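Going by the order they are written in, the chains are A, B, C and D; count residues from 1 in each one.
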Amino acid sequence: MEYAVLPKSALGSFVDALRQYGKVIAPVAKSERHFAFEEVTDARDIALKYIPTILPPKKYFMPQYETLAEYDIREGQKLYPVVEVEHIVLFGVHTCDLAGIQCLDVVFSDRPKDLNYLVRRGYVTIIGLECNEYCDQYASCGLMGTFLPQGGYDLFFTDLGDYFFVHVGTQRGEDIVANFSLFQRAESRHFWDLQLLRAKKAEIFRPEVPVDRFLLPRMFQEGFEAKVWEDVGNRCLSCANCTNVCPTCYCFDVKDVMNLDLRTGKRIRVWDSCQNEPFAKIASGESFRAERSDRKRHRFNRKFSYPVKRYNRFFCTGCGRCSRVCMAKIDLKETIAQLARETGYLKV
Amino acid sequence: MMKAPKVAFFDFTCCEGCQLQVANLGELLLELLDSIDLVEFRETMSERWDGVYDVAIVEGSITTPHDVARIRKIRERSKTLIAYGSCATIGGVNGMKNAFDLEEIKRYVYGESAKFFETLPTKPVHEVVPVEYFVHGCPVYQPEFLEVLKCALLGIPYHVPDVAVCVECKFNENVCFYERGITCLGPITRAGCNSWCINNGNICYGCRGMVSNPNEKGFLEVLRQYGISLEFLLRRMDMYNACRILKGAGMVYEEKRAH
Amino acid sequence: MEKIRISHTGYEVREARILRVTRLTESDKLFELALVGGEILDFEPGQFVEVSLVGIGEAPISLSSSPTQRKSFELCVRAVGRLTHALHRLEPGDVVGIRGPFGVGFPITKLIGHDLLLVAGGIGLAPLRSLIKYILDNRRDFGRVHVLFGCRDPQNLLFQDEIEEWQRRMDVGFQCTVDRADPDWKGNVGLVTSLIPGIDINPEETFAVMVGPPVMYRFVIAELLKKGIPESQIVLSLERHMKCGLGKCGHCQIHDIYCCQDGPVFFYERIKNLKGAI
Amino acid sequence: MKKSVRIDVEYLTRVEGHGNIVIDVRDGVLQECRLEIIESPRFFEGMLRGRSIFEAQHITSRICGICACAHSLASIQAAEDAIGFTPSEQTVKLRKLLLDLEILDSHILHIYFLAAPDLLGVKSFVPLVDTHNTVVRRALRLKKTCNDICDILVGRHVHPISSVVGGFTKLPRPQDLEAMQKLLESMIPDLEATVELVKGLRFPEFERDTEYVALVSDDAEYPLLMGDIGSTDGVRLPKREYQKITNEFVVPHSTAKHTRLSRDSYMVGALARLNLNYPKLHPKAQEVGDFFGMNRKVTNPYLNTVAQLVECFHCLYHAKDVVEEFLHSGINYEEEIVVGLNETKRIPVRAGSGVGAVEAPRGTLYHHYEVDDHGRIVNANCVIPTGQNLRNIEYDMRKLVPEILDQSDEEIQLALEMLVRAYDPCISCSTHFLNVSFVGR
């Protein structure tokens, strides 16, 4: 069955049934405007309508603190590589975050492969959820074209009123559907409903900045010396919120932490950020991106230009988190627009 | 087996809360006592030691001529010195008095008896004697203290994180205060406390001191948008950082004084 | 949370035993090591390893010996931080962890058959020494060889004995200079750039290879270009903050390039347009 | 036998702060008897001026790391009083819980780390690690557990985070309440074992009747967080008139500001509270108190340590009751507040003057603020328990020294040190102490 439908009333028992595949993780409300992916035991806690969570689902693929290896100083310099895994089911992942996970997949499958990521990745089941409405003024999924599902899930749910339209993306998804009796085969009226929704979405989700997405890499190259970098650099506080909440930022630091017994310990990796002052500093004290403007430019280029060259995809998913969380109100769309204006790429 | 290093705690002007953080380690303290020889810890010990300290852990700020003389003596007898807690590392809350005229504040608190006093502008320990290690925080965050102690015992440097508290705050997935209309000193304050305060629903007060290169101008610009009086903002910024010259804020102080 | 132990994730280390420690200067030591178990470390000059001490961490360190010295390898380490200080405290018989070798070394196949101008600044001599020794061990594969070495002051001169030996050799031109001399110093004084104009080379035939601090590159490159050496024949090694060595952690990234995997050795041509690279 | 003694105990250890005892006896006559305080002055009251009333508790908590929660609570009370804010019932209950934990924690520290070594005849708890390992482990465990409960309730024990003007910035979730309940229960056996320990200790025999001062109230609850100020000499005043009680004055020879009420000196702290409010103690605490004969007016200051033990039981069981109640009734999370500098003006501010009076572990603690209509502190005053006790300690010493003059210098010194320590003086929190040149040196 490639397409199925699930009555909304069955969501509760579906979530219960999902537990056999692992801990069920879904968006829950932290405040009216703030959501987080957290473990849920009751489907009623799931926020079916939500705007992007504070942290993207990357925290389940690449945790903030992740053990790479363990040691015991009594055994000398031996280091035992470990991967910490857990079966989880991520329910309710929006398309922008699916795109983010795909980006991480690309990076960590690139040689040399990152087994910590890839092994853990295999333990995660992903159930996507379509955004029927536009989130808020910070999103740029229209520009990035990430508001429609483009793979990267085991199942994909679309909320169509009193039922979910479900697209099966993988064999694992297929198994889940087969194992839960309340799924029904999708019929033509269901497809029709879906089409209506998509047509409506096509009206709402429009490029937020009048630039040609495919010209963005060129625009960023040409705008390397643009004034906009200095502007945002002056305002940036280097708090690294933008990169920590970014679904595709994956930079990390590696360090050793000793357990409190002062004998055993682990080598861990911790999220790091190119926005942090010491990130590109070498022992002689020289920093290759000493200025905030250098760092801001680097961040944007790492979304719109460098990865296109290296991995042939954009690393911005349009989720808008970086703009939402910036206390200096540095806005992604405004920055792109200003750069486009300066470089002449703004469509009029 | 190496001889257990001699470790001693000393306190200067402070609330002694940081020492208490050690007592609060619980039974872990006993494990610690296995690997060190605690020779002085005034808060819970009467013993004295007159040899050389391998590691001297100094809490509190230097605020009197007597303090100055005492810390110099301790330094002479210590191979390694750890400044322990914000009072010692950056002056901490004691620094707030530096914003006042010392004579005036003495009279305010002690009235007629103010003349009995000797007091100096508050100084963090490293402004008086050289310091090898810093454990920031008011109070110190125990895991960081243990890490620093480990480094001190191994003789390797400890790098105090030079990134903002926001970093850890986001690791912990807190809702940012700025999104709720409240100001927070996280963006200019050194991380390392695991965003302790924000995790508990309060803002960051900047107890760990500022990052090495804060964007003070940009920060004041951000703060200005939240409808608090400039006086309160500056006072908040110097609650812990008064011993440091505020670059951006310095200008604003001048402006204020001119009025 | 379940923990799976796997033998190979890229973060595992091989143990290496220290055979010999030689103090070179106040802050530099040379370590001779061999992998425990007799395995041979296969590497090229210009590559580096991540040296690990449990509980302390890792740091990228260039291989300083020539791969022709099969049984052991050497690392020249300057004590600047956590790992390097801890290393300096170790003695023969002690064990460290090694990851790698990583990165792209000097393009030996391209260098073969050509004249060489090798320029080192400060600790940059450590990786370059690997190449120098390789060349000396395969002297007939190369044309004329000049080595220029600049260093802050005589106290910081690395590999003094070897330098004296190289200076005595007839088949390499070795020149050395210090920024600041002391009364005992008999040699050149001045920046390493000042030596370049005086070198007699055939620019078309010459490959220039340099390793040194970032500030050195700009000036040396200018001199080399003045000499007429084509951009495609200038090779340099870039030092960046590195954590994983696997092209992931992002610290060493310059534009779309990862220094640890795509470098640290680059042709000037490749990076000259990358702003911030040098 | 006539005797000359000069005792100068520099840096009295194991009290939180720096104090000296000076005793000068010549030919059997007591010449000098002083407790000198050489704590560096900290100027908290001065520094508070000009700051937002919403920051006061954060700052004044730093007066003392050992009773940070009490300072914070007194400060909040004074601040709320000044701006005319009435905390909710839930908030008050949680604050009482916090104060219970504070007193419990501090008393444990005192009994085990500061008093027990004296009574077991060793210099500090460190030698006890070998000789009395189980005792030390128990002490550390109790301390840690208290600390862990505070972590759950307010983020940390030293300088609580979530307890602020207006209420709490983070309220315990059901799982937090359960965890606290478990931890509290886990302390019971250890606390009972503490009774055994204290039973085995011998306290010096010494009596001196003085005036005992503590919070009093008309309801049935043992008053710690709220109430009027009362004394065993029959004084009763509302907290706003605290200055009539504390009468702070500077004594020429020394130390911190001293205080006096109906007599030359008065005592605050656990013993004072027991003397005033014994019948209101939790039944479990009364059981322990009865056993030690504390159910009468006790005038031996050394028994303050026993009074603390009795209060430990009260606080533990009271805390358990509070948590249990919340487990049943649930917590209203709507009350969770976001304050900061009151940017959102969620709490209305007006000019005024307010007093906070709470029972800190060592006695009644007063904070007093005057605030202008922008919420700016204009004047501040803090009176701390140790400051109130100092004079009483001196009077005790004057009575004690002649009684024990036949003992060796070492014994006298120890008896005096123990006396001072029995008061559990927290000198670092004495916000105004003087540093004077010492007489007779």
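By definition in this document, a residue touches a chain if its C-beta (ideal position, glycine included) is under 8 Å from a C-beta of that chain, and two chains touch if they have at least 3 such contacts.
Model, not experiment: these values are computed from the prediction.
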Interface with more contacting C-beta pairs, comparing B-D to A-B: B-D
Farthest chain (mean CA position) relative to chain C: D
Distance between the centres, which are taken as Cα means, of chain D and chain B, whole angstrom: 25
Chain A and chain B: spacing of chain centres that average the CA atoms, whole Å: 37
Approximate Å spacing (C-alpha centroids) for the pair chain C, chain D: 64
Separation of chain A from chain C, taking each centre as the mean of its C-alpha atoms, in whole Å: 39
Contacts with two or more other chains, residues of chain D listed in rising order: none
Multi-partner residues of chain C (at least 2 other chains): 55-56, 81
Junction residues of chain A, two or more chains touched: 258, 278
Pairs of chains satisfying the touch condition: A-B, A-C, B-C, B-D
Chain A-facing residues of chain C, complex: 1-13, 15, 52-58, 78, 80-81, 84, 95-97, 213-214, 239-241, 243-244, 246-251, 253-256, 261, 275-276
Chain B-facing residues of chain C, complex: 55-56, 81-83, 85-86, 89
Residue numbers on chain A that touch chain B, as the complex places them: 30-31, 33-34, 36, 54-55, 59, 64-65, 234-241, 244-245, 257-258, 260-262, 271, 273, 276-278, 292, 324-325, 327-329
Of chain B, residues touching chain C in the complex: 150-151, 154-159
For the chain B and chain A complex, residues of the former touching the latter: 28, 31, 35, 146-147, 150, 162-164, 166-167, 170-171, 173-176, 178-180, 186-188, 211-215, 217-219, 221-222
